[in-house]
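Here is the structure we will look at, set down as structure tokens.
For clarity, chains are labelled A, B and C in written order, and residue numbers in each chain start from 1.
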């Protein structure tokens, strides 16, 4: 009995971690700037590639993941300056442009680095419960997801950057009038979102094969979580991760991986219908 | 008979009661102005009447029927029409096309073409007929939208700050047009800040404050009411 | 006043504010192009003819997306879902029922109908659920990705419909081509001249039909919804119904592309519904000019031709160029490259006239300063 409960909780936690880690980078950018970044998967891939390369060069895994995040973040700032900056106020054009960037990045990586990189193995081994073995690393990922949420909360509510960023996004004219360099804030926010994606790539790198198109595995979950969560990262992405994680875990243990994903999709459509501004919109009871 | 009635109409967002029990009755043929300080809930009331918002309580009656649950486009079909505060036109389409889309519901072919010409003349937009609507001046856009709203030949016309951004001459011209439309049978409910306009057209005035009707009567009665002066002065607003 | 003759009335329906190209010159040019296209197979070899049919097959999906996105303003990223659904549908029906007695044609109808029905249900949840904007894009993209993932894991023998195995990642193959029943021997349309004429005719019919549609009242309302959905509602139109209508028609066209593709190559794979495949129609329509049918058609054919030239070096290079095209188009020519080029002569002429007159009057006063008394003054 305990084993079954543990098994389900593990599934749930695993799904929750995956959804939250997939989504935070996208949510930061979307929630703060109303930009949907269809190249999100490629930032994840970037982080994964850098992490794997750094780890194989001898860096300890945690440091390698940090490298992956930093590089992805810098690339994000570059993308923001070159492309995104010119498209503020045009969300539909932004999503199309980032799709183009996604194509360039994925196929470009294929051209430059070839069809794949040798990967790294999952550390920390496994524990067993009830005849099944569970990866300890994935438990670490669950903890990391929570830690990242907590860290983001601190950044956006307790640091100067965070408060300025929120002010800039909510009332850009006011922020400018007060001397805030809004363009820098936008760049840094986009970079932060990209860095979070890179971190996700790095964190999951030991569990996946390194191919240039690996980003595609993350995007559906990321979008769905952001849409269900709404524009706020804490009141949105986190509860959305919990709700969708529950749906996914339940469907997966009932029918397997694929139905887990179908369950997610149906959940999205239902949630958008009932809560058009996502969970956070409902919680904040925003006026249209 | 009352053309439009709201009975204890309420709308709240979380704890904020934007509309807190509005009882408004519009008689057929009157021109009724809604005034009140900013944030009093005038736009929300319009959105409730049009069906953009669903009320949290109360009901809306039109022509003797309960329309509280009726979809917005069906309310329009019953003879309500609206002109928004920010010009709601089809920017990328030509002026002529804007009018055509408004009219194609109930007219076609030759009679529609004639009606479009008549409206273009009335709105003084004849020379801009082929122009992209987004390129019109602000005042012209307002007039185009009024044209589209009245082309439906509504029984009830809702105007949300129709003279916003207009000069005194244009405001007066708009007032004359509203009175002319009223003389042809349109009941008008207008939200306005411009007291000169209100004085020019209104048969009755309601003062909205904190989501309730605070005072009601003719413009003279309302402006003579001390409490009304207080809520305006107390909020620090200035009105012409 | 006598009613104008049928040809003139037909022409009037084919032209309108929503489509570029009007007047006798345009239509003569159109007829010339169709004539050239009809004569083309007589001069080209079998492979080129087959290849051109391949290009034509994609045009239906492009036109469908043009209708939904360019005219309706709805970002549908999942057209490939309908493409794949109809393609697999055709495969399932024909593998089970065979090609005789015109059953392949029945399969076409069934497959496109299935895709349309699915679109109607999906569209109902989307539009009546007031899902729009970027969210619509994300949900439709997710739908096509889920389809891809679903079909990709159907490798085992237990995944079959009748005798048709879904075959997972490798896709379904071996289905019969379109076969026309004919006394004396059915005509199987392999990628060759007869199929070319069938698809060309279909393309011309669809193009003209869409021109009539977008210039009709339906088209007017669709475009109005794109511009200002609230105002369209406040003119008494049920916006959701029109959006749903446009969506289903666009989906049917995507399904038609899927069926023709499957019948042409006699295979269909899950990758037709993947994220890279889903991006391509966006590229064609964006580069061509999504707000106009003719621009989309020309853009689609141009980009397809260019893409194929580049794949000689490797599909990854071609795809990088596609991505670049998409980014550059959005940044530099959001109305589309072809559409922008087509408008250029008009813009240059107007600027020339303005400079000649000293003080251009054409564009009105867009600064928001109020107009003179609208009711007074002269006529």
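Quick note on the criterion: contacts are C-beta pairs under 8 Å (C-beta built on N, C-alpha and C of every residue); 3 or more make two chains touch, one makes a residue touch a chain.
Just so it is clear, the model here is predicted, and its values are computed rather than measured.
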item: Chain at the geometric heart of the assembly (C-alpha centres); value: C
item: Chain at maximum distance from chain C, centres defined as averaged CA atoms; value: B
item: Separation of chain A from chain C, taking each centre as the mean of its C-alpha atoms, in whole Å; value: 33
item: Separation of chain B from chain C, taking each centre as the mean of its C-alpha atoms, in whole Å; value: 41
item: Computed distance of Cα centres, chain B from chain A, in Å; value: 46
item: Touch list for chain B against partner chain C, complex; value: 50, 52, 71-73, 76-77, 81-82, 84, 88-94, 97, 100-102, 104-105, 123-124, 128, 131, 134-140, 143, 145, 148-149, 152, 165-167, 169-170, 173, 176-177
item: Touching residues on chain C, where the partner in the complex is chain A; value: 75, 125-126, 129-131, 133-135, 137-139, 141-143, 145-146, 149-150, 153, 274-276, 279, 282-283, 286, 314, 316-317, 319-320, 322-327, 330-331, 334
item: Partner chain C, residues of chain A touching it in the complex; value: 36, 83, 86-87, 91-93, 95-97, 99-108, 110-111, 213, 216, 219-220, 223-224, 227, 258, 261-262, 265, 268-269, 272-273, 276
item: Chain B contact footprint on chain C (complex, rising order); value: 17, 217, 220-221, 223-224, 227-228, 230-239, 363-371, 373-377
